[in-house]
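Okay, got some structures for you below.
Shared between the two complexes below is chain A, which has chain B as its partner in the first and chain C in the second.
Here is the complex of A and B:
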């Protein structure tokens, strides 16, 4: 018999008597399922979050705000400064119109669905040019707000998570009723968690004297940055969008890292011990069987391979079970978290193929490490002594 | 049970590999429980330490609040003390060294008894207009000492248009909430800040108000907000406790995470140790039967099994919990920490270990008990 047919024969035998060792085998399945369920849930959140943040970011788009401010919300720009910035060289110009939108961002407390407490949703006052700066924003229902009126449009993600943001409803902002006239998407980015309105209407309502930040498309980032930062009177900072969002998402990243790798890692170590235990038990229960096989001419390699594949099989079963649990509980759910502006960013949890594969790889590692030492012990069983002992 | 100790000892070392691996799995599981327990303790501590009898009056829409509000709020029955707070944010030397000063006055210390500021430091702060008190964390990080002049680059300009505030360090302090050397709080004189800033003078970002009866927190908060609802600068008032709870919630639903993972881990451990105990008891069926035939009581055998299970789980669980509590340093920096050991988590953890040990040995013990002696002897 070749090694391969030997391997198949032994593995087949192992798998067929698995039901007799159901208790011990389930330890591995359940242990690995726990690890993979935690890992996949968290990685799915991380994927959803980074997708949301990354799809906001474009390399040729910049945020301009007051130096030292950590976010758009804590910045402020006077009208005079904004006018200087918008006309600076480096900003893309389309038929004499610089593609730069001076914006005011305020917080509006809106009740969350299924929760008595409200959370802050960002209301972004924008210039009409904002829609050229962010071409990904598209109306999906209703119409655009009209300049100067107390009208606003709501992002898809915000509408899903919060109460009373449907088109046609009214929302009280600073004692005035604002009409919700439309609903927009922006390709699943962070702006979908916001509301948009005319910048002058927002500034008037909040009795502001100026803007907070400017978002612009650039042709020449270095030129713009040099121009603006060489003017110390303005005291402003220019950041590319990807850099800005990377900085802002650090907090969420830290939590996800902790849960995925610290919590998941410790669980995986525990699962490896459990798998080792199970597989050692499986080997010791079959000492006689393995010795007999060796005696009738089975090589050590097929024995090792068959123990390993049993361990792998159990852990992959566990991995699939854990993945199924994570999928059922989380897939398609949305999670919201405090975003950069102390407002809520809504992001989807997406259990995609890459996340699944990562979970199964962890399961396989647990199975391999948990199987290799017992497999080696099985191959080293002294045939004569084992046969005699029985 | 002590007379059975030798038997228990021999019993657990019957299959050393199995015992060691089970103990290691238990250790890993309880390490995780220890870490999660310490994270939970941090959140609990942050919540419990924020007082119920202090209200935070903040600007509802970010519009700075006039100082005149102080007297109006103080006049509300039940309010016993007030202090203004303004914030001066900026950075030291480079934008990646952000620092944030609370501008307030000496009344502030009665609201924050956790600040370990000496009377001499308080006096120096009062005597030095541009004086600041800084937490040990900043002082260690930037090498600041009392008497140093430090430049703060701030988007809040001074009235002369300068964005560099020169501040003099008049003291470095720790707090009772942070491990020594990690206090991050910083404060400066409100009067100096207000006189020198270019922005709206005579305003604050908010106030703190002490009330005589914590039960009135909601009512008084409502009264304060109603007072200014139609003014140019409406307020939003809530107790410090509520505010902390909101902030903690913003970090994510940590409770669900902790409870979910802890329940899953306990379930898996129960399964694992229960299995180990069943196997071990099964293998020794005839031994136990012989012992019974020699005159051991059924409950003696049960005691031995429980003893084995405890000896296998408890030391591993305790070591795991203690290691886990230390691993809390791996949790995100912005999670609140409790500098005291999380005794609650450790106690609950040890109890859980005892329960796991008892439950996992009870099934095999019960089976042994029910097995007719003659049959078991034949095994």
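Here is the complex of A and C:
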């Protein structure tokens, strides 16, 4: 006698019985769909954010800023210090040109699309060498800004999220109209949320005396770091890009994962109770059928497995529904968040396979936990008493 | 040689601190091919006794032997398998699976055997033919009359050729005419196929179809006289 045959027969009966319990079954499906939709969309945000931040980083690229300043924005470097740093050993040199870009980063308030309130977009003043330091930056429309002029180019992500950043338009910065002359992409990294202009034009507009940070490509990170950190006059910090962005994204990552797992977890507990309620009701409604099957000779294990399968099936249906909703509504959408240096980082929500599988695993866990106790109750139905109780 | 033998069978339940005696030292032998009607007032213990013989319950004390096997000594899992091989149940309210067709209901006990699908369906067709429902194989219980549903239940009970047919008020939910048809069918199975049948009933007319009537009262057997079956 085959337990598998028994299991298939009982599960088949349970599933045929589902239309009669459509209301209570939908409670489980919709409850789990809600859990999975929230989980997947927030995890997709976290994934998109991590991907955006991670794709900014190259291991042979470093950020150099004033010691203790934590980020580019709160740093400052004098022109003299910048000159010393750029000529330091360890920085990659190409045709006598050190691949190091001294930069000034300022905030420009720009209204978001569909929103009256503005948000800070980073305007990064760069040297021409910046495009050799960041070869991923590519002009996709318009032209490059001219050195010394009030012109800028806008990242693709910033242009999508903010108003008035199309090529040909002008933007007021410090009382002066700056022309938007181009639009660039940088492979989906954080710089796509920025605007780029000539560093001297930015320094002049903001009446700065120096730069804020230097981004450089390195041939020998240790040598550069040792040289720069052993010079007490400079008082600077040298950080590889991946370490820098990991630190910058930690807070946002923590918030997103908190929302995904804690809020998702609380919702999942609710869904488990819904599943428990539904499956207890299903077992209760089928007590006589279960007792009859047990009287005929069906074993308790196929009964347990069939109840669990039904619960799992309902939860996975909910999981697929939630995943579909998250995918249709959110996948590929761009959202922005406040980075830790008070700039907006625009990143895509990417509902990828890993996130979908995580959502479905959660759905399966809800189904199994919600089904196990009713299944055990079904297996323990006292057969003789249940048959007599009809 | 008995096919069913009960020796000093006692059954009691504990309800809170109270001990409820249901069966008192029952001794009973049922011969192969016998059609036994178990009668008595409500609460006399006849269904409890039927459950012990059918392996749905175990005695508090005493021995229940069916086909030479000590049923009271079997574990829960062993009892399930034993029931599948040796007992066909017929219930008052038929206990068919409402979502399955008549043939799928009848097939259920065969799912516990090594028969393949074609063999199962062949046996199902023969069983439905025997109970006169070959043309209702695809109907669901809700589409059948009470008498037809009980015939499906009888086919289900017969399908795996069990040692015993155990019937609990098989005509209790049927009108007189249909009840007589069902009793006629059971009698035919007893006489022509040699099935041993043990039937609990309140109905003297149904009991008249049995070859022996046994009366119970307050958990004790009051053996009735052996009778010839009703015509």
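For the reader, a short list of remarks on this structure follows.
Definition applied: the second predicted complex is superposed on the first by the 387 of 390 C-alpha atoms of A that agree within 3 Å, B and C clash if a C-alpha of one lies under 4 Å from a C-alpha of the other, contacts with A are read in each partner's own complex, and residues count from 1 in each chain.
Basically, contacts are C-beta pairs under 8 Å (C-beta built on N, C-alpha and C of every residue); 3 or more make two chains touch, one makes a residue touch a chain.
Nothing here was measured: the structure is a model prediction, and the numbers come from that model.
Comparing chain B with chain C, more residues of chain A are touched by B.
Looking at the shared chain after the overlay, A:17 reaches chain C, while chain B stays out of its contact range.
Of the two partner chains, chain C is the only one that A:388 touches; chain B does not reach it. When the two complexes are overlaid on their common chain A, residue A:266 makes contact with chain B while staying clear of chain C.
Applying the stated contact rule after C-alpha superposition, one finds that A:98 touches neither chain B nor chain C.
Using the contact criterion defined above for the overlaid structures, shared-chain residue A:288 touches chain C, although it does not reach chain B.
By the touch criterion defined above, A:188 reaches neither chain B nor chain C.
Touching of chain A by both chain B and chain C, each in its own complex, is seen for no residue at all. Across the complex, chain B is touched by residues 23-24, 26-27, 30-31, 34, 37-38, 66-70, 74-76, 106-107, 117, 174, 206-207, 235, 237, 251, 254-255, 257-259, 262-263, 266-267, 269-271, 273-274, 276-277, 280-281, 284, 337-338 of chain A.
Of all residues in chain A, those touching chain C in their complex are 1-2, 5-6, 9, 13, 16-17, 20, 288-289, 292-300, 383-384, 387-388, 390. Considering their complex, residues 15, 17-18, 21-22, 24-25, 28-29, 31-32, 35-36, 61-63, 89-91, 95, 98, 153-155, 163, 232, 246, 249-252, 257, 261, 264-265, 267-268, 271-272, 275-276, 278-279, 324, 327, 330-334 of chain B touch chain A. Residues of chain C touching chain A in their complex: 47-48, 51, 54, 56-57, 76-77, 80-81, 83-85, 89, 91-93, 95, 97, 99-100, 108-109, 111-114, 156, 168.
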